[in-house]
Amino acid sequence: MQALIEALGLQQTLDLLALSPPGWGGNLLGGLANSIQIALGAFGLGLVIGIFGAYGKLYGGPVTRDLLAIYTTIVRAVPELILILILYYAATDALNKALVNAGFDRIQISGLAAGIGVLGIVQGAYATEVLRGAILAVPPGQIEAARAMGMPPMKLARRITLPAMLAFALPGLANLWLIATKDTALLAVVGFAELTLETKQAAGATKHYFTFFLAAGALYLVITLVSGRLFARAERWARRGEPGAARGGR
Amino acid sequence: MRTALLALAAAVGLSGMALADPVKIGIAAEPYPPFAVPDASGNWTGWEVDFIKAVCAAEAMECAITPVAWDGIIPALTSGQIDAIMASMSITDERKQTIDFSDKYYQTPALLSVAKGAGITPDAAGLTGKIIGVQGSTTHADYVQKHFSGVVAEVKVYQTQDEAFQDLAAGRIDATEADSIATEAFLASDTGQACCESAGALAYDAEILGAGVGAGVRKGDTELLAKINDGIAKVLADGTYEKISAPYFKSSIYGN
Amino acid sequence: MKAWMLPHRVVMLALALALVVWCALRLRWDWLPEYLPLLAQGLWRTVWLLIVTSVLGMALAIPIGLAMAEGPWVLAAPARLFCTIIRGTPLLLQLWLLYYGLGSLFPQFPWIRQSDLWPILRQAWPYAVLALTLSFAGYEGEVMRGAFKGVPRGQLEAAKAMGMPRLTILRRIWLPLAIQRALPTLGGETVLQLKATPLVATITVVDIYAVANRVRQDTFIVYEPLILLAAIYMILTGIIVLLFRWLENRVPTRTL
């Protein structure tokens, strides 16, 4: 009897999570795809901002350095939720007002683009700090040697600094990537259909709150664990030339 | 460095512009039965969704239904993420200061729902010392603020009405005020039948509850407003309105 | 002081000052006096949540970190699982799971509603405290693990050689040294915790963020409350950073 009820209970859960309607599994996976897309976009944008930001902080003029300091300070002091609201509503509004004033038509910014932009700006501030630290960790002799050989700055960055700092940057970047995947959940508050909002809607429509929230938690956990593995492998690869690298990790 | 950043900004902007053509009709990203409900295949269904489709069809407009968070739906409109709001939004003077409204397309009274046997009446006396829940940025939130804020123990403000109903079922609030149709839909659900009942309609307050539900557009967007008004008139005149309503409601919800 | 007198910094300060003056004069702040008491209350609730959950979370993080660093397998494995789950899922999801998930279970157990705990359980703040505490414990537990492991063995062995009981070693030597090592990260984690507090507004806890949201909803003013919020959080962050810097300076360190 007990086993039967248990089997029935599980059956209901499986039905709710089935991939094709009337199950909601497909919706959750769709939300997951959106979340990953935004996280990837934001992480990429953050990296680009971070590389320029780190170089600006290290080698830029005093004005650049101060502006970057203001940027990283503000982003790291204000809650992401508020930055998202400000950038999601105010920044798109300001952009459109500027366009209209300049005589252009207003553009529509898709939720996806806005989400990537917003989280990318947040990620950029953290990436700036991570990459700055990593560049500083590169033995200065290597960079000086390349300079002495007459290597132009762009080539120096591409061939020496960036590859050499990768090993130092990867642990911090892994952390940032995890933050990016989890911060996508905040877009639920502005109504973007990523995993957390899809979950809440499925839960609200079916009244099975526990089932869906646990299922979504499991999906997030899978992302975390899989990307943890990938980053560990990437770090081992980045450290392949170092003496004693066989130990792996830090 | 600057050119690279500009190029990046342009790329992000362009990827956003790619789908610029259809008129984006904003609905609230929350289950609000029977008006708009997400289904398991990721589509939105419900009376209001059917109505939006009918209006767009009558005007031969290409529309994209775009779910956004209710409490940011007006900023989403003014900032251009959507072009119109058709999310059971009541036409009130306060909102008219920020956006323009079409003609109304339905009007229903406000209803108070309470736990079964709670014996709460829908007035200040009945709600004295109780915890009442409302959805934020709604006419109901304003109504409770104006009429009951002095007597109730606490006003709890939710992001969605669905959450308020959920907490009513969980016993965390004593009552919630919402649109009568949405309330009846909840009370007819399994959860609603088990826990709660209607305490009756709230006294009408035209200033706050407004003059029915209309579509919201940006101020000065007269072209779209005219189209929507024309579409609503056509849908009302040619019998489509009744045809859409039949599966959902026993009597017309247009009001008078 | 000299650093502030550089020409470009003077220009920047002037620009910043001009921006502040422009904000104060050109933006709408007429709502401020009316909402000031509510804002103060919200601010207090945010600070209260931050302090309570950080202290409770730290109290949990110490045994968790100790279990992961030196504990036997039966203690280390669950501690590691806990940290992985907390750090691997979004706090927003954890919060909703606790509040709405548990909330949907309560109606099934009438004895919970009849218990003496119900008046507390039906409120939102216990769930907010629980979720934020667990989150802080999860992140800080990992930090404490590293800190416990990083304490030089010689210190502990010396204490053991002096015949100190194990609990005394933990209390007098190991824990203080570990906390001292964790202090710089602890400041950063506390800032992150502050930045996590506004999420509780989504489960109807009225913190400073929720108050600002209400201003946005009541008055349709979009930017000003957000700007005020950003300023308040920056000030709070500044206070936390200064506090931890002062703490770090107070802790006597000896460089060997």
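Going in written order, the chains are labelled A, B and C, and every chain counts its residues from 1.
Just so it is clear, contacts are C-beta pairs under 8 Å (C-beta built on N, C-alpha and C of every residue); 3 or more make two chains touch, one makes a residue touch a chain.
For clarity, every value in this text was computed on a predicted model and none was experimentally measured.
**Q** Along the graph of touching chains, what's the shortest path length in steps from chain A to chain C?
**A** Minimal hop count between chain A and chain C: 1.
**Q** Of the chain pairs B-C and A-B, which one is connected by the greater count of C-beta contacts?
**A** If we tally the contacting C-beta pairs, A-B comes out ahead.
**Q** Using Cα averages as centroids, what's the distance between chain A and chain C in whole Å?
**A** 21
**Q** If you average the Cα atoms of chain B and of chain C to get two centres, how far apart are those centres in Å?
**A** From the centre of chain B to the centre of chain C is 35 Å.
**Q** Please report how many Å separate the Cα centroid of chain A from that of chain B, as a whole number.
**A** The separation of the two C-alpha centroids amounts to 33 Å.
**Q** So which bits of chain A are touching at least two other chains?
**A** 85, 89-90, 93, 189, 207, 209, in rising order.
**Q** Among the residues of chain B, which are close enough to touch at least two other chains?
**A** 75, 78, 159, 163, 166
**Q** Give me the residue numbers in chain C that touch at least two other chains, ranges are fine.
**A** Residues 100, 103-104, 202, 222 of chain C touch two or more partner chains.
**Q** Would you mind writing out the residues of chain C in touch with chain B in their complex?
**A** Interface residues on the chain C side: 100, 103-104, 106-107, 113, 118, 122-124, 202, 204, 206, 210, 213-214, 216-218, 220, 222.
**Q** Touching residues of chain A toward chain B in the complex: what are they?
**A** 20-24, 26-27, 30, 45, 48, 52, 55-56, 85, 88-90, 92-93, 96, 106-114, 116-117, 120, 189-193, 197, 201-202, 204-205, 207, 209
**Q** Residues of chain B touching chain A in their complex?
**A** Touch list, chain B to chain A: 1, 4-5, 8, 12-13, 15-20, 24, 28-31, 37-42, 66-70, 72, 75-76, 78-81, 83, 159-160, 162-163, 166, 189-191.
**Q** Flag every residue of chain B that touches chain C in the complex, lowest number first.
**A** These residues of chain B touch chain C: 71, 74-75, 78, 94-95, 97-98, 133, 136-137, 141-142, 156-159, 163, 166-167, 169-172, 194-195.
**Q** Going by the contact rule set out above, which residues of chain C touch chain A in the complex?
**A** 6, 8-9, 12, 84-85, 87-94, 96-97, 100-101, 103-105, 191, 194-199, 202, 209, 222-223, 226-227, 229-230, 233-234, 237-238
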